[in-house]
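Below you'll find a set of structures to go through.
The two complexes that follow have subunit A in common; it is paired with subunit B in the first and with subunit C in the second.
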Partner chain A sequence: MVSWWLTFRKKSLVITDWWYDMRSELKHSPWRQLLWPWKPESSREAGSAVVQNFLLHWFPNRVSLKSLSFPYSMYLGTITLTLFLVLTVTGIFLMFFYTPSVERAYWSIKDIEFAVSFGWFLRRVHRLAAHMMVAMVFLHMFRVFYTNAYKDGTTVGSKRSYNWVIGIVLLVLTLLLSFTGYLLPWDQLAFWAITVGTNIASNVPLIGEEIRRFLLGGTIIGQNALIRFYVLHVAFLPLAMFGLIAWHMWRIRKDGGLAVIEQVREETKKQPPQLPRKTKTYSVLGIAKGVTAQVIDPTVLNDENSVPSSPNLTMRVLNVVLLTVLVLTVLALFVHAPLEAPANPEVTPNPAKAPWYFLGLQELVGYSAFIGGVLIPFLVVVGLAMIPFIDREQTHLGIWFTNSTGKRWTWIGLLWGFVTTVVCVAIGVMFPMREVFAGIESQLFFELVNPANLLILSFLGLYYVSFIKTRSHRMAGIALFSAFVISFILLTYIGTALRGPNWMFYWPWETWPIHPISF
Partner chain B sequence: MESKSRRSFLTRVIGGVLGLGFVSTAWPYVRSLFPNVLYEPPQRFKAGPPGNFSEGATFLEDRRVFIFRKGNAFHAISGVCTHLGCTVKFAPYQKPKERTVRGLTYEAKGEFHCPCHGSKFYDEGTNFAGPAPRPLSWYSLELSPEDGQLVVDLSQEVSRDYRLVV
Partner chain C sequence: MKRISEKELYLLLAAGALVFFASMAVIFADTSPEWKDYQAEFKDIIAENFGSVDLATVPSGIQQIWVKDLNRVDRCITCHQGIVWKGLERVEQPWTTHPKPEILETHPVEKYGCTICHGGQGYAVTEYEAHGFEKDWGEPLLSEIIGSEYDPRNPPPLYEIRCNLCHRYERSTPGADYINYAKSLVRKKGCKICHVINGNGGSLGPDLTREGEKYPGSFDFSNFAVEIPSIFNWHFYHFKSPSSVVPNTIMPDMNFQTKDAIALTMLVMSWKDHSSLPIDYFPGVELKEVRTPEEIEYDRRLREGDGAFFVEHSCFVCHSVKAFDIKSPTDKGPDLSFAPDDVRARFNKTVEEFLFEPTGTMKIILESQIILTDKQKWEAIEKINKAYNIVKNKADSLSTSGTSLR
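Let's turn to the complex of A and B:
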């Protein structure tokens, strides 16, 4: 027994020695450019890793423990970016097999599914990653909103409000990318989702019909529309996306890191002042214009509240990336990518539904095409972009829900959003406006009197009341945002699961009547 | 003072020239995206001799238009929902119903239903349920002078009283 133990110790020591040898070997070999040392022996070495490695250049030298904390950011932005990169790689491979022509598009997708080795896998990963990316972008936005992370704070040169607006543009770009990709399989699902989607655009006052013609390159969804959507999907929108993502990342560095850094700053301020000490920053921002957080206030991050980014942040990011890819891969083995019958302009499937993230809108579009399809999306996007410019209270940055009052208004908002959305849908289902006001033919009347407008008014009322109660745009914003979140989720669920043939309402336990496919 | 106004003048001139240059450079790219020629099916087409159509509704699938026949009177109603462009389905009644629409009483044979958002139309086109903002369009019908076939013109809308009597 004892001899076995001794042998084991000896062997493990040999292995440890080998590992140390390998590490020092790696440090001096050309491999070091790719395989950076995981356990740097000094802060200086950790800093050099970030500066000298191309892949790491966008990381800061040191990172606060609070920023690393998983419950704070949940790494939702990292997951989103990973999904985008996966989409780029799978998308480029799919481009080898896809032909954007009306005659061949559908059959090239069939080939990807059945003739190309692992084509089914590429397509499933691409589709899943696209759906997940839309979901993650929304979750990322929810996180940034609730943690007060869209505020500039006190860091010199910080403009998180700009980064929030860039984020909103990225959200819209993500939706557009997903929507343009939706048409490419050229099956029934694709064709009718795009029919409904582009007809919504034609409800824009005055120039609506022109916008639709511009989107489609004609008056019908044909070859012109397919090639337009294809080019937007594979070149134009991804390039815009890459540029804006780079800007988004760069701004995080310019803003001094995640918003929670303001908490670290406040804590450091409470400490007794220390003697100035000589510091050296390894930040690439050292050569950028202006001053950075590290230079002007090098005492915010110290040995107690922060660690070197390499390997503490890099390893976490790597793990999140690997986990995302793992989840995608496993899901792709089980979740099929649907492909319906080839696009047939003569037969509308019943029900005809848009992609899931537009089904909340489709539900509202069921009340009024202009209100649900044009006015509400416009109000949502503009409203979201204006948040940092309405709520200028520069406190509580990086704290979930701000404080206990914020938590209370979150619950009130969620409850109010839930109740009003249910009431509006119930009115829409049980008292169709055209039956209640059967004698009225004026279209304007029905644009004004419908459940979607009631929903808008109830939300504006919520903002007004919560602002009167708290005198705080942040609190009113939390209430309104929470109502929006729950309403978005609820409407999406209703549009996805509770709407059947002829857009009739069905409970989950009711079976849909079988409708003849063609006339 | 003088040099300042000169500077602002020059800034404005240079800005204007740059702006003009940008617009004139961008113009060809933008304009190219508005097609001059559309290879789409013609709006005016022959639908066959009147004798081929049976009493009631006939759906021309590829052109999304319904041809209605009552005795020797014909009319054409669009099959495109006025809400978001889905193709409506004709749901015939078991027995014809008496109905009064727009002050006229007639014998209704069925309704149009839209699968996308549940809009409904009477068989003469009036929207009565769901979000559809307008009645279904009626299109001009005529007889071809060459071979006597029905000619449908989708570019020419007509009133809901239009009938072609053959």
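Let's turn to the complex of A and C:
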């Protein structure tokens, strides 16, 4: 076995050598603009690669080893962007075959499924990538929060707090994109998920009905709603998304790179200052080839702590893209995209559920429509956007969980969120407020007294206690955020898997009543 | 210069190779559907059976019949290529000739397609989906596979349900034996006394004109044990014993046998909303049921004769009134002509006392189903006495002439 491995190593080294030989061969061939010819001899040459190639322009000249490290960022943003591009490409193909009309929408999906070449594959990939993108956006946000990466750096113009807010807007856009796409197949699943979703929106006080009418272009989900969702889904939202993504990426460069770079900066500060040297490989003056300005390195990257982006980062990104595409392709071979019976406004499926990422909210709407449908989503979005403006402690940027205290508060937050969520759902299931206080008619009373409010109060209490204990908004934020994360996951799971017909609670081992069939 | 790590390169090679193989798998999956095998086999069959046919003229690729009027796209002929060929009767499915060419003559495939008669999912081109066995496809192929679920030894021809989509107003349709039998039961048992069917009938029970349109979820299976909770089974058991499926129902138990119940289930399931079907698809009848002159005359006598009161107030659902020539379709209760004797014998009351203070079943009926004013009750008593006298007089006159009535 060992000898086999040694042989394999030897052979693979030969392959690597061949790989490098090939690349230096190709370097001088006419294919160099298309293939990957690059074996940079110097930092300057590597830098020029990025400057001279349009596609590589969004990479920095050099990238620190810490930014490159997989455990730091897990490339969740790259994966999200890849999924968005996959969605764009598959979406454009699907647009050729889909008809956004009430009469034809469902049947055009049937055609895509059965008669269009690779239609089934496009549809499956589009659906899988959409679900994964929603999940990845959340995970990306979790990563940025826990690594303390939403804080402004020390370089001029570094405003990571802005980028965090752009990220929150991108999260909302992603949910809207997924939600608008949900209606398009025009089957029972689509129709009733949008019914539930827009009914949640109609709980906004005073203007709720107006919002619903604005979303649907009328009072019912019909042709107006379909064309509205279609235009939002294929034109308006993707364009907004493209613009904001470009801004998001540009800001990363403006902010001085990933937050972990601040650590590199601190380390180099500790070392004795160096003489000015020729490190910058291009400048405004350097557009003419070969001219370089001699400047003091504004960054802290050197041969020890960084590598040229080309080929190190480009290769890494290519790998992430390939692996994402691989996972999608393999999953699409086995996971069918469902298409239920055609939409029928007269027949309500039981249970009728919103898309999975709204099921946590739907669970809370079961306790109070206003609290679960309006107040909590509002608090979540606004609360998330405000994080960098409340926590202004400029230490430990780019470190997972900040420090050991942060780790402890993460665990405390997770535990607290788990317990309080379970307790709240248990109260909701076992002691429905309307049965406990059967004599009370007042709607206001039930908006005030219900498990969802208990959950909010328990979270605020957690923030208060952790802040008193640590005197740190970062630590209190970690505790609250962790409680939010676990509660979101738990409520989504309960809404998805444990709620059956009539929104009754079923344990995983309990079977739901069998749905009758025609024959 | 640091060299890029080996691991990175291996990962790239591995990921690239795997994406390549996965793409190959996708291409293979898309370019080798099962219908291509069936089409290749069909060409062999044609070559074997008709040596003179140029195989290049046999269509290949996905084939479909688009029936614009019915808003249907049927791709069944992608695999069932032999349907319109003559001379493949002995070949097995899916290549065989249509087993009933005489039906195809009156129902040409260009005008009807396949699924309007057979059920199934016309859009699909894979067997399981095309035969409509998917969970969410409400119209499965009505073949023996499903029929044998309900009667394994003698699977009912469920496709007749779909014949009756268009043929529902015909008194009798050649070839649709179960449906014809069920229609005769409807006439004989007087379903329309309580139910509106095809636009007319009584109002004691629900309107059945669009009964076949009801959604599976709207049937209640909680009161009886059944292996498959299907609409078919619900109707089947409901016909056999209404009260065991719907407790407290007022629908009487008609003592239907298994075959009766199956036929009637097929009939009610065929009563769909046909407003989307073009009018010229209905066979040449007026859009109402045809009735014989005798039936129309009998109906007129029921509604206008001396016993009209008992018909108007639905008494005759359970009670015949022999004196007025009213025959109850169920005969659940005693003949009202003998009511004075009957009531005296069973309850030790006069008819007046019984009508104003009823007991037993009649108490429930008179309190919930047939609510009569005092004036109507007196009218009923008067009519019953009249009937009683008629029968008595007839009996007397018969007995004086030496014959016994009872």
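Methods note: the second predicted complex is superposed on the first by the 464 of 519 C-alpha atoms of A that agree within 3 Å, B and C clash if a C-alpha of one lies under 4 Å from a C-alpha of the other, contacts with A are read in each partner's own complex, and residues count from 1 in each chain.
We take it that a residue touches a chain if its C-beta (ideal position, glycine included) is under 8 Å from a C-beta of that chain, and two chains touch if they have at least 3 such contacts.
This is a predicted model, so every value here is computed, not measured.
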Simultaneous placement of subunit C and subunit B on subunit A, clash or fit: fit
Touching partner for A:V347 - first (subunit B), second (subunit C), both, neither: both
Subunit B or subunit C, by number of subunit A residues touched: C
Angle at subunit A between subunit B and subunit C, C-alpha centres, nearest 10 degrees: 40
Contacts of A:S69 with subunit B and subunit C, given as first, second, both or neither: neither
Touching partner for A:L339 - first (subunit B), second (subunit C), both, neither: second
Subunit B versus subunit C as contact partner of A:Q271, first or second or both or neither: neither
Touched partner set for A:W107, first subunit B, second subunit C, both or neither: second
Touching partner for A:Q52 - first (subunit B), second (subunit C), both, neither: neither
Subunit B versus subunit C as contact partner of A:N403, first or second or both or neither: neither
Which of subunit B and subunit C A:T395 touches, first, second, both or neither: neither
Minimum distance between Cα atoms of subunit B and subunit C in the superposition (Å): 6
On subunit A, positions contacted by subunit B and by subunit C: 346-347, 349-350, 515, 518-519
Residues of subunit B touching subunit A in the complex: 33-35, 38-40, 59, 61-62, 64, 83-87, 89-90, 113-118, 127-131, 133-134
Footprint of subunit B on subunit A - complex, ascending: 192, 195-196, 199-200, 213-214, 217-220, 222-224, 345-352, 362, 365-369, 373, 432, 434-435, 438, 443, 446-447, 501-504, 515, 518-519
Complex contacts: residues of subunit A adjacent to subunit C: 12-13, 16, 19-20, 40-43, 46, 107, 110-111, 113-115, 117-118, 120-121, 187-188, 303, 307-308, 311-312, 315-316, 318-319, 322-323, 325-326, 329-330, 332-333, 338-341, 344, 346-347, 349-350, 514-519
Complex contacts: residues of subunit C adjacent to subunit A: 1-4, 6, 8-12, 15-16, 18-19, 22-23, 25-26, 29-30, 62, 73, 75, 123-126, 129, 135-140, 142, 146, 149, 158, 215-217, 219, 221, 228-232, 234
